[in-house]
Structures are given as C-alpha cells and as structure tokens.
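First the structure, then my questions, so here it is.
As written, the chains take the letters A, B, C, D and E, and residue 1 is the first residue of each chain.
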Amino acid sequence: DPATGGAGGARDQVKIVGSSTVYPFTSAVAETFGRNNPGFKTPVVESTGTGSGMKLFCAGVGAGHPDIENASRRMKKSEFEDCQKNGVKDIVEVQVGIDGLALIESNAGPKMNLTVEDVYKAIAANPYGKPNAAKTWKDVNPALPAIAIKVFGPPSTSGTRDSLAELILDKGCNKNPEMEALKKSDADKHKDICTKVREDGAYVESGENDNLIVQKLTANPDAIGVLGYSFLEENLKDVRGIAINGVEPTYETIAGFTYPGARAMFIYVKGAHLTAIPGLKEFLAEYANAWTPGGYLAKRGLIASPDAIRAKNAEIVQKLTMMTGADLS
Amino acid sequence: MTTNHKMIARDVSVFYGDKKAIDSVSIDVDMENVTAFIGPSGCGKSTFLRTLNRMNDTISIARVEGTIELDGEDIYASGMDVVQLRARVGMVFQKPNPFPKSIYENVAYGPRIHGLAAGKPEMDQVVEKSLRRAGLWDEVKDRLQDSGTALSGGQQQRLCIARAIAVDPEVILMDEPCSALDPIATAKIEELIHELRGRYAIVIVTHNMQQAARVSQRTAFFHLGTLVEYGETSEIFTNPRQEKTKDYITGRYG
Amino acid sequence: MTELAAMTPVPTAPKRIPTDWKSDLMQRRIRKRYASERRFRFIGLAAVSLSVAFLAFLLITMIGNGARGFTQTDIRLPVNFAQTSLMLDPTALTGPNAEAALAAANIQGATEEAAVAAFGPDGADYISDGAWLSVRAAIRKDPAILGKTVDIAVPASTHIDIAAKNGADPEIRAAYQKLEATGRLSTGFNLNFLTGSNSNDPTLVGIWGAFKGSLLTMIVTLLLAFPIGVLAALYLEEYAPRNRWTDLIEVSINNLAAVPSIIFGLLGLAVFLNVMHLPRSAALVGGLTLALMTMPVIVIAGRNAIKSVPPSIRDAALGIGASPVQVVFHHVLPLALPGILTGTIIGMARALGETAPLLMIGMRAFIPAPPAGITDPATVLPVQIYLWADEVSRGFVEKTSAAIIVLLVFLLSMNGLAIYLRNKFEQRW
Amino acid sequence: MSLLAILFLVLGLGLISWISARMRASRFVRGVGSDRPHSLPSYHGWYVGLWVTIPALLFLAVWASVSPGLISQAVLATPGAANLPAFGMERAAVLSEARAIATGAVHGGFHAQAASLAPAYRTAIMHYGLIGAAVTLILAFAGGAFAFTKVRSDFRARTRVERLVMGALLIASLIAILTTIGIFGSLVFESWRFFNMVSPLEFLFGTQWSPQTAIRADQVGSSGAFGAVALFWGTIFIGAIIAMIVAIPLGLMSAVYLTQYAKPSTRRWVKPILEILAGVPTVVYGYFAALTVAPALRDFAVMIGISNASSESALAAGIVMGVMIIPFVSSMADDSIAAVPQSMRDGSLAMGATPSETIRKVLLPAALPGVVGGVLLAVSRAIGETMIVVMAAGLAANLTLNPFASVTTVTTQIVQLLTGDQEFESAKTLAAFALGLVLFIVTLLLNIVALRVVKKYREAYD
Amino acid sequence: MTTNHKMIARDVSVFYGDKKAIDSVSIDVDMENVTAFIGPSGCGKSTFLRTLNRMNDTISIARVEGTIELDGEDIYASGMDVVQLRARVGMVFQKPNPFPKSIYENVAYGPRIHGLAAGKPEMDQVVEKSLRRAGLWDEVKDRLQDSGTALSGGQQQRLCIARAIAVDPEVILMDEPCSALDPIATAKIEELIHELRGRYAIVIVTHNMQQAARVSQRTAFFHLGTLVEYGETSEIFTNPRQEKTKDYITGRYG
C-alpha cells in the first residue's frame, strides 16, 4: 500500500489509533518518548474509540495502517480473526494498566447507592425481556429516590460502552436465573436482552472523550455519568463516585477488582511493523517504563496492574512475544 | 401686513455644510394662489421649496437661517411639530412616487396616520373625495385595489396629488411635478392645478417657462441662490424689471 | 417684495373647513404617535446595543477566562544533584553523545526526588509533570551544576497553578499556602504558551504547533485560492461569452459560496483522502479543502470589484490599441485589486476560523511537535481549541480561552485590515 | 542531478531565452503603420521563454512521479538487494532509508541493510537523474529553437501568448465546476451505497435515529435505526426557529436603527463592530455556548421550575447561533432597505408621517422581499452551521418542542458519525454522506430561491 | 478613385442582434480633413463611428456587413490585427476618460504597448510632443506626475486627445468630444481640432450643428440608420439637397 504512507511506502513516525480511554495515557507516553528521543519523531495518536480503532488496526499491514491500537478491553476473538484474515498475523498484546468504569454523580447529587441489577433495570432496553418502562429510579428499586433516570454514557462505538455492557449490564442481567439459562439456550437473544441499551432518552449518548460529561453532571445534579475513573479522579471537586454493590470506585477497589467497573487496558502492536517503523520498539519500552505505580501514568489516573501482571507484560515488551489468540473470547 | 399671507419667508438662507445654497430670500405665499419658482438648474429652487415644509430636515448637513411663518407661527421654532406641519404643507415630487401599495391604501395612508377618518365608510369617503379632486376617480374607481405603481406616469402623479390632498393640507408644494410626464399628462396636471387653486396655496417649481406662465399667478425667479425678482407672473414674463430675468426668459442662457 | 400687489380674484369653490390640528383630540393623538416613535427608536437602539453587548460579553468572558492562560506559576526548586539518584557525568555532556546521555539519565525521577526532598512527601504533586524538562535544560546549559545544589525554576503543577490563581479546593489551597510561605512561588508570563506545542499537561501546552499548522494550511489555501479565484473572476467578468457554459460556471460558484463548510470536509475526505490517498491530518489536505471553500468567496468579491471599474477605462485602453489581455492586466486588475484583496482577506479569515471540515480529514490528532512541512501531521488553532475544550484536566479551561484570545486577535486584525482597506479604497467613479 | 537543480536550470534557461528573444526582437526595424512589428519585444521573449519552460516542466513533472519507481526497481535488481526482507512494507522502509542515506538526508541507519544499499541507490539516482536532466534539457532546447525561429518582425507573438493566458483563465474558472461535481459526486456515490443498506423512505421519514450498527459482528447494544426525521427537526428547531427568533428581530432592528436613525459617525463605528460578530470563529461560539450560555440557561430553566432541563438545550445552541447570524441578517436588511428608493421615504415623510411610521408602513413592506430573501440565506447558513451545535447541542435525537430539551442536528451527527471512524463500509459512516447530501440539497434550494427573490426584487427598483 | 481616400466604407450595415442600426452606408474619409457626422439622437452616428476602428467588436451582439478599407486594406478581413488597427485609427470619447494614473503615464501608455519609444528620453519626447499638439503642455508641464483625473473636464479631454495622438495614428475618431464640456473648454477643443487637421484624418460626431459647421470640411447627415446626405459642409448647411437635412438643420426636429 505505497500510496497512503507518504514517500516510497515507508513511514518514519508511529501511528496510533483506538480507545479514548487509553488515549490520554498513550499520548502522555508518546509525548515523553518524543522528549527523550530526539532521533525519532513523536508518535501521532488519534482517539477513535476501541471498536473503530480495531477495525482500522486489523485492516492490514503497511504504511497506510496504524501500528498500535489502544484498547480499553481485550481484543475479541472475532477481531483477532479479522486481523488474521487481513494479513495482520503477528500481534503483540500488552496490558498497560487498569481503568475503572466509574458511575459518577454530581457532588450535589442524591448520593446514590446502586447494585448492578439496578443499573441494568434502569438503562437496558428490554430488562429481562420486557420493554423498559422505568421513569424514575424508584420504579427500578423502591429503595431508591424518585428522581428521573438520566444517564450520560459512552456511545456504541466505544470500548467503554462494551465494558459497561460486560461488566455491569451483563452481570445485572444474569442475576436473574432465567437469563442465565437463556445464555445457554439462545446466546443471541441473551445478548440482546442483557446488553442492549434503551434509546428513549433516559440513556444519553455523550461524546467519547468527553470532559463535558462532568460539566453536564454539575449542571444536572440528578443525572448519572458513566466514564473512566481518571475523569472522576481529576474532577473530584465537582463529582463523586457512586457505590455499586456497596463498593465505591477508588484506586484500591479498582486495582483489586472489587469494584465491578474495573477493567484492564491494552495496547496491541503490529509485529510486522516492529522492524519497519523507526521508534516503535523504543516506544513500547517507554510505555513499560511509564506504567509503574509511581510512574507518570499513575498521576494521570492510570491504575497500575498488579506486580505479577506488570512483570509479565514487561517481559512481553522486551521479548516481543506474539499473542496466539487462543484464550480470546 | 403679514396677516393676509399664508406663508411668509424672511431672509431665509440655506447652507449645505459650508456651502450657501440660498442667500437671504424673502417671499410670501398666499392662499388660493399659485406661485411659480423658476430659474436655471442648481439655483436653489428645490432647496428653498423644501424649507417650506422642513423636508430639508432629512438632509443632515442642511441648515436654515431666517424665519418662515405659517399663519404667523414660526415653523422653525423649537416647539413646532414637524409632523403636523407637513400635514398642513403637503408636497408632490418631481418623479411620481406612489407607495408600492394599492391605490386605495396610497390615498388612505395619510388620513390613517393622522387619524382623519374614523372607520371604513368615512375613509372610503375621504379616498373618493381626494381621488375626485385629483381628477383620477373615474379612471381608477373600478380598481382601487390595484397597485399604485401599476398606473401610468401621469396617473401616478395625480395619485400623488390625491395622496397629498387626502390629509387636507393648506399649502401644496410641487417640485417640477410634470418634468417626468408626457405633454398630455402634463396638460392634465396643469388643469388640475388650476382647479385646486381655489382651496389651497400652491407653490410649484418648474423648468418650463410656458408652464409657469400658464399656471401661476405669481412668479419668483431665482439665480445662484438669490431671489432676483418676484412678482405678478404676467409682469415678470412681459416686463421683467431685471436684466437677468429677461435674459433667462428669452432663453439667452440656462 | 412684499409690497407686491393685488392677487387674481379667487374662483368659486366652497369655503374649506380646515382640520383643527390644535384640538385636544389631535394633540393627544400626536402625543401618542410621538411616544410610539420614541418606542420604536428605542427598540432599534436596544437591538444594536444588545448585539454589541453580546459581543462584549463574549469577548470579556474569553479574556476573563483566558488571561490567566498567559501566566504560569513557577517554583524555584532546590535541586541537590549530589543527593539525587541521577547518574550523569558532566564530561559526557560535552561530547557528541550528549543527547543520548541526557536521554538515558532519569532526570524526571531525580526532579521528583528533589521535589519530595524540598516539599515533603507530596512534593512531586506540586511540580508539573514536565518540570524535569526545565531541569534538563538547566543541565544542558551548564553541566557544571551537576554535583552542586542549585535553585531551578520549574513550572508548578496544574493544581498549584490554579490555586495560585484563586480557584481550588481547600486541601490544595492549604498546600499552596504552605508553598507560598516558602517564598519559592512566582507567577509570570507563560512564554512557553506561545512557543510550545500540544501536550497532555496543561502546564506545558503551547499554541505554536497549532499556529504553525494554521499558517501552513493558510499558505496552501492562499496559494491556490487567490490565483485561481482572481483568474476565474477575470474570466467570468471580462471575457466569458454569455452562454450556457458560463451560466453553469457562475451558478456553481454562487452555490459553492453558500455550501455549508462541513460538506467541503466530506468532499476532502472522499476525494483527497480516499481517492487521491493524500496523507491524513496534513496541512496540505486541509489547505486544499479550505481553498475550495475560499475560492468562490474570492471569485465573487473579485467580480464585484472588477465590475465596479468603469467601462470607460476599458474603452480608453481599447481605443488606443491595447489588446483585451493588456486592458485587463494593465488597467482593470490594478484598479480592482483593493476590492479583491478585501474579499480575499475576509475569505481567508473565514478559512482560518474554520473547524468542521478539518475534523473530517483527521486534523484532530494529538500532535506534540510543530509540523515541519505541509505533509506532516498537523492541527490548526480552531481544532486545537476544540480538542482542548474536551480535555480532562481542568488546567485546560484557561488554556482553551487563551488560545481563543490568540485566534480572535489574529482574526479581528484580519477583519480590521479588510475594513480599513475597504474604507480607504472605496471609490466611486 | 536532483530534480530541484533541473527545475532551476530550466527556469534559468527560460530567463535567458526570454532575454535573448527580447533583445533580438527589439532590433527589428521600427516601421510605420502596418509595417510596424506586430508584437512588443517582451512578447517575443515570453513566447520563447514559455516554449523553453513549459514542455520541459511538464516532462519534469511526469518524470518526478515515475522516476522513484524506476530507481527502486534498478536498486532491487542489484545483487545487494537479494536478501532484503520479503515483507513489502519493511522492504520499502529499508529502501527509503537507503535513499535518504544516499541523498545525504540522514547519516545513521535504523536498518542495517540500508547503508549497504545506499551506493546502489546513489548510482541509480545518478543514472536516472542524468536521463531526466538530458531529456528535459533536450526538450527545453528544442522548444527554444523552434520558438526562436519564429521570432520575426511580423510574427504574432502577443496573440500566442495571450491565447495561453486566456487558456489559464478558462481553466481557473472550470475549477468551480469541478468542485461542484466533486461534491455532488462524492455525496451521491456514498449515499447510494448507504441507500442500498437502508431504505431512503426509512431514512427520510423514519422517526427513530440510533445509528448503532455494529462495526463488529459481536458488538453490543446496536439496533441501528436510521430515521432522520428527528435530526431534521432538531436542525430546523435550532437553526430555522430559535436562531431566527433571535437573529431576525435583532438583525432587522439593528439595520433599521443604523440606516434610519443613527448618526453617520455612529454607523461608521457600529457597523464594523456588528460585522465582528460574523468574524468570530464558530468554534469560539461553540465553546461559549457550551460553557457559558448553556449552564446559565439550565439554571434559569430550573429556577422557573423546568426540572428536566438539559444542559445541552436546543435553546443554548440556537441563541448563540442566532447571535452569530445577526450581522448576516442586518446586512441583508440594510441592503434591502437601501434599495427602496429615497423618494418613497420622502413621500411618506412629506405626508407628515413620523420616521417610525415611514419605516413600518412604507420602507419595510417595500423591502420585504429582499428581507425575506436575506432571511432564507441566513437560514441556509444556520442549518449548515456545525461547530456550535457539535459543542453545545446534544446527541439525543428527540422530537420535542421543548427548547430546554436536548436535540441533535444533521451536522452534529455528520461529525459524530465520521470523526474517529474512518472505515467506509458500515451504514453508520455512509449515513453521514446521506445526511450531507440532504443538507447540500436543502441549502442549495434555499439559496437558489433566496437569490431569485433578492435579485428579482432588486431589479424591480433598478 | 479609391486611391485618394484614407478610409472607404462601402455598403456598411450594422446589426445589434436582429436590429439593423446602420443600413448600407457608404462614406469616404480623407486625410487632412475633418468629417462631421450629424443627425438626431439614436440615428446610428456612434454606431457607425465605432465600426471604423472596430470598437464595436467589444459589443458581443454587434455584427457588421459590407467593407471598410483603411489604405486599401479591408479592416474586417480575417487577417487584420485589431490592435494595430486601433493604433492607426485612434478614438476620443464623449466623456473624458483618462486612466487613473499620472498625466505622463496616460500619454506614455500607448507608445509603450506599441513599442514606439525606446528608452526614457525618447518617451519623454513623445509625451511632450503629444501634449504640445493637444495644447496641454503649458498647463501641465510642471505636474506631469499628478493624476490625470485631477484635471478639469476640458483638460481631461485634451489629455485624452494627447493620449490618442501619442500612438501616432492616421485617423482620429471623436464621439461628441465636447458634449460634457463648458463653452470655454469646447472652444479650446475646436481650435485644437482645427490645428490637428493638418496631420490626420479626423471624424467627429456632434450634436451641435454650429460645431459641425465650424470645424468640419465635410458633413454626413444620418437619419434612422441611413446616410441621408454627405458632402461639403458649406454646401450641406447652406444648400442641402435633401428636404430632411434641411428640416434637421433648421431645427424643425431632433
């Protein structure tokens, strides 16, 4: 694909696409990398959302395709296959840290305390197969206040949305034994019932890397926001986390995976590009250097992975071990 | 002495910025009389005419000195109400300028803003009367709702006269009302002026010496902003006292 | 002249009864009319004032928010190089491998250690993430400081910076006051904001990268749109025969001037990126896209300017044997030029403030270095503003407004120049 | 020889030939009458100069695009290239680095092999450079020689040169048509693909907008409904209703005040100030709307008891957009009022009408068609406006009349659908083009109608 | 017969679109002679004049039939170079139209585009000579760098004549060159025409019979696009052969 990459089909600058959640971390690494390595050009990072990024990443190898994909969840088996099909055979999978998918409300809000079931019943399109008629949180759970359901959350292209579905909705849904059963009998129907989000205005799709959600919450104290933990940490003056199943989103609860919204974050690197793009390997090394608990990424809100996982991934970066895709779901 | 005159101008000078366009002109205008202003182009006829109903207020750089009285009241006095003044001293322009409204609305416009007719029947009456006086009624009575701009030039000018009459003015100023018209339309307007004279004081600016001679009783000859001669029309045309007037009238220049 | 004598006796006609303008009714009426006149006039004045007030409000808000973006809080950080973990040999910094040596040393860690040493366990949070860059610069400047204890001015962290500008939570204010007490804080002009590029850290961001991107984009736009626009205007106004083809050209130009800008973005995406495979995010593509958008504006302004050159000038030149091309290039074009330039400046100002079409062609990536050429990834000022408006860190709020001030100053001076040109050269023949 | 060097050489040759042809032509005997030389010496200069440069430059342009391919082929054919990596991209990377080393752009190597290939590259570059230079020079000299023989007293050099100028002018004006075709072509092509996936009827008349088609087979929460009515409504609500409620009275009354009441000195100051409103970039308005106006409006709404007010209300975007449009409306109204002949105004004033009566009853009715045309143009601009709504209007496709609720617009959705996701296959991306097409057609129609109205009206008084 | 005439028009008809503005006119123009075209407004004088140096080429709908020769060469032949033609047949327009450049540049423009002067000294000479011939030198010699548009109307018109002369034409066409000027300026131009006659063939369109009588040797009378009469001026004015000519000259119409 000589045309897209500039002169002669080569490129001397790392290109990164993908998750908006990982974007601030990756761009911070890119910036530091650029500062420390005057010999290489600073990588260009575009935030496209995990899903769209995967699509771009897996579209092929060559200068016209990105080298790295930021992902706020693991690659799906289907995506891996897509990659293989398009000749993106060798992929390095690196877990860079953990992010909490936090439910937040304004500091002036009602101090909600929810369960995964509550959340599911409030924002699913068809909770347990029946159309969602809930108008207020009280309709969902009589213990909750009678305020209108209004949730600002990520749009369907984003990995954050996938995480919302997997980490919260799916779990809430499966609290119902029938659904657990349905999962075995009719997986598609189960997915539809458990993860489809209502589209009648109670759930408001808000832009992806959207700082404005925080401002909207300050303005709408009764509304709830769904976004990355780093946004919460940065804006503690205005918003606070909502406890789910009694657990508040904090660094510790997320790092320990006790908060249901905790999820690992990854970058995926094209093996074929490692030798072709100047600086790609060095960039990975810089990443590994940055994700330690005291590293500069922690300051931006990245929650460091447990030591063992960090060590394992540091080794992957060093040896550039390719993923097999065997354990993907 | 002044009591008999409808309007009296005394030592009127008009400036456009620093430029003096009218220099100390004194003139009287009487009821039931047609006064003609003649003179070469640019001598200030229009300028002076417009001082008589303060239409020159619309030109920001224009400034008037001297006094002009209407029925003994100084129209440039601070208490003077321009709106009422203009209702009493109407004006007809060189190019017919009917509003882009219906014929009826053109005529009804003035009475309506001044509140001269209460209710539709009365307004109908006013409109009819004005159009009749302007000699236009028979030509337009069946199409009062047509646009005023759809009439011929001469009809438009008569419509403008009807419009002016409708607010029941006392003086009518006409600035070359026929210069945009053909001879037949001109003849009609002249006839009309003749008829109107009985009820109003009429002042008419004209380039056409013959017209001045035909329609007016008194004539004022302007030159370079000054009033050279003012008197009975018959006298001015047959026996001018000033050399300049004579030269002009005989077509020596202009 | 008043001695003028008897008047012609008046003919028949019934005596008229003049309207009594002095009657109470009339006087009341007239008072009402004048009141409504005053009301109307007041509404007009209010409309103008409201519009102007809105502009003033917008500008004041932006300046109020943005002025702080031009200042930054520095901390004089005492660094005792001997005590830090920094392993750097001053002699290595003079040789050819100085850069590599600097890169290999963990200056960042050392800087944080210094901060902790100076301000306690939270010390590292008081200085900007980019503080070590100042330290590195200091070392580069004078390697001899290694091994000594020196004070190096480093940018404070966003929290401290905001606290210094009066707007933070109590906790951070406390930290700020503690620092303040040490006398090591100073707030000054943020030169880096004018010379730096995009960054993740609001204390380190600058607009030069986006500004240069804007500059490169505008150069491409101007180089394409101006000549093409002027030539097309000349052709249409001076030479084009009146036929269906020229009508078509004319109609399409008028339409292009009115097409929403985002549609040009769609065009750029479909044609320049997906068909011609030009590089994504590049000033070249941005410039091309904006040129297509600006060209019709220039053509229309140009045609009006050319039209206002009186035909007698053309006749005069033709009459002494100038060829049509000479007539245009010797006489018409020079006379129309001020008008054309005015139109061009206005068109360029619009292009400079344009955001939407550039989002479509990828000029919205994180690009921490100024573009070196028109094919490098770049962003432009308005897009930078858009991106910063979305940033997580609260430090970006004032930076966004500051960037807006820069953009507005630039744009308003362009518009001012256009208005000046228009007033100066407005001539009637 | 590098391309740049050849370029300058050709330009130099052009200059030399220009000078010499000019000199030669200036030695023609100056006859009288029809015996005069046809063209000025400088035209002969241009004629020859253009013959020297244009064919050579055209060749150079072609050569510049084909020679890199030829060079790398030549390099690949050398034995040193035998053990290059098989993977195309990596090979390309090595090659390009080798070229960079060969041309002296870089020294150090990222790929070890690059350095070894550099000499081969250098020879190939030299080789093809020489060929290119030779052909270019031959063309330049041939063109020059051909043209030079023509330089005679009666040769019509000026006519030839001017014909070329005319050609350039014509081409410049054709670019507008090309752009229009480009816009239309790209919109229609992509929209057609979209309408293969989604029925146009559903798109135009469906009320359910939820462009969540999965971009991955197993993506969650994606029903994918493409009924754009709610978007159209949102666009109209913000751009044609709320914005106009702000812009028309303010713009119209400003124009009236400035043309009819204000002192010329005031007008001279205030008019450019109003124009500044149109010069403020839309992203600034967007930021202002989102950060300042919207929260204030929400607080206000809550204060008056509207509890579910959204902070991305249609009102905030609409008001700010209206303000942006004010100068547009006021300048159109200004023109229309100015086009009403002064005699209308005089006529009314002379009847004893007050200025406001004159304006309301004579000037404005007479100017109405022009004002309406101007308003239509303003509407077309408002509905095409993007950044304000992207930043301040919501993403929720609501069919609502509540100005404090959040609505979304066509342009917002185009941006949302396209930023980030650059793949060209999903209905989701293509929907952006279908929306663009609708927007294009609507603004086009609005503009055509508006221009007609304005033009016809102007003619009425000319 | 043809050899003596500078320009010969034979059966020239001019159409504007479908409308015939000139119908089969034949005229000769001689050197050292002033030919006047007279006739009522709209009769086609200007139209015919403009065919003589093909200025009507600039009107897209205009079409010429018949032949016009300059020194025996058909100026409408396909090989004819219009630019050279216009240099040889100069033109002066009704309204003075100097370029908005300096006086010097106004005059120098023609010689420059035609390459008539090599170098500045020679150009200075040409400019001075032309201005002298146009009787303007003494008035402007101290302010050659002032703008041409800053001159008075009469001076501007003489500047335009100087500009036309500067390219050394053989024929000069003048379309009502004095109609925008005051009597004094007119007199100057007439005097100038008188002097220029010795070197050029001059064709002048005029509305002013007296002027035609004063300046021309031969007069052509046009009416409704046809040439009614063409002959010695003295004869046309004293003893016209056609009734129409006589009516026109005596002011019966027009």
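In the analysis below, a contact is a pair of C-beta atoms (placed from the backbone, for glycine too) under 8 Å apart; a residue touches a chain by one contact, two chains touch by 3 or more.
In UniProt terms the chains read B, E = Phosphate transport system ATP-binding protein; C = Phosphate transport system permease protein PstA; D = Phosphate transport system permease protein.
Please read all numbers here as calculations on a predicted model, not as lab measurements.
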Remaining chains grouped by touching, chain A not included: one piece
Fewest touch steps from chain A to chain D? 1
Taking CA centroids for every chain, report which one is farthest away from chain D. B
If you tally contacting C-beta pairs, which comes out ahead, D-E or C-E? Let me know. C-E
Name the chain with the Cα centroid closest to the overall protein Cα centroid. D
How many angstrom lie between the CA centroids of chain D and chain E, rounded to a whole number? 49
Length of the line joining the C-alpha centres of chain B and chain D, rounded to whole Å: 57
If you average the CA atoms of chain C and of chain D, how far apart do the two points sit, in angstrom? 17
For chain A, jot down the residues that touch at least 2 other chains. 39, 46-47, 207, 212
Can you list every residue of chain E that touches 2 or more other chains, as numbers and ranges? 83-84, 87-88, 113-114
Counting only residues that touch at least two other chains, what does the list for chain C look like? 33-34, 323, 362, 364, 389
Which two-chain combinations qualify as touching? A-C, A-D, B-C, B-D, C-D, C-E, D-E
Give the list of chain D residues in touch with chain A in this complex. 68, 72, 85, 87-90, 92-93, 95-97, 99, 108, 110-111, 208, 210, 212, 215-223, 225, 290-291, 294-295, 298-299, 307-308, 310-312, 394-396, 398, 406, 416, 420-423, 428
How about chain D: which of its residues touch chain C in the complex? 158, 162, 165-166, 168-170, 172-177, 179-180, 182-183, 186-187, 189-190, 249-254, 256-258, 260-262, 270, 272-277, 279-288, 290-292, 323, 326-327, 330, 354-357, 359-360, 377, 380-381, 383-387, 390-391, 411, 414-415, 418-419, 422, 424, 432-433, 436, 439-440, 443-444, 447-448, 451
Seen from chain C, its contact residues with chain D in the complex are 33-34, 36-37, 39-41, 43-48, 50-52, 54-55, 58, 61-62, 227-229, 231-232, 234-236, 239-240, 248-249, 252-256, 258-264, 266-267, 269-271, 274, 292, 295-296, 299, 323-325, 349-350, 352-356, 359-360, 362, 364, 382-383, 385-386, 389, 397, 400-401, 404, 407-408, 411-412, 414-416, 419
Counting only contacts in the complex, chain D reaches chain E at residues 26, 30, 32-34, 36-38, 40-41, 156, 158-159
Which residues of chain C touch chain B once you look at their complex with the stated criterion? 1-2, 4-5, 7-8, 10-13, 16, 18-19, 21, 25-26, 29-30, 33-34
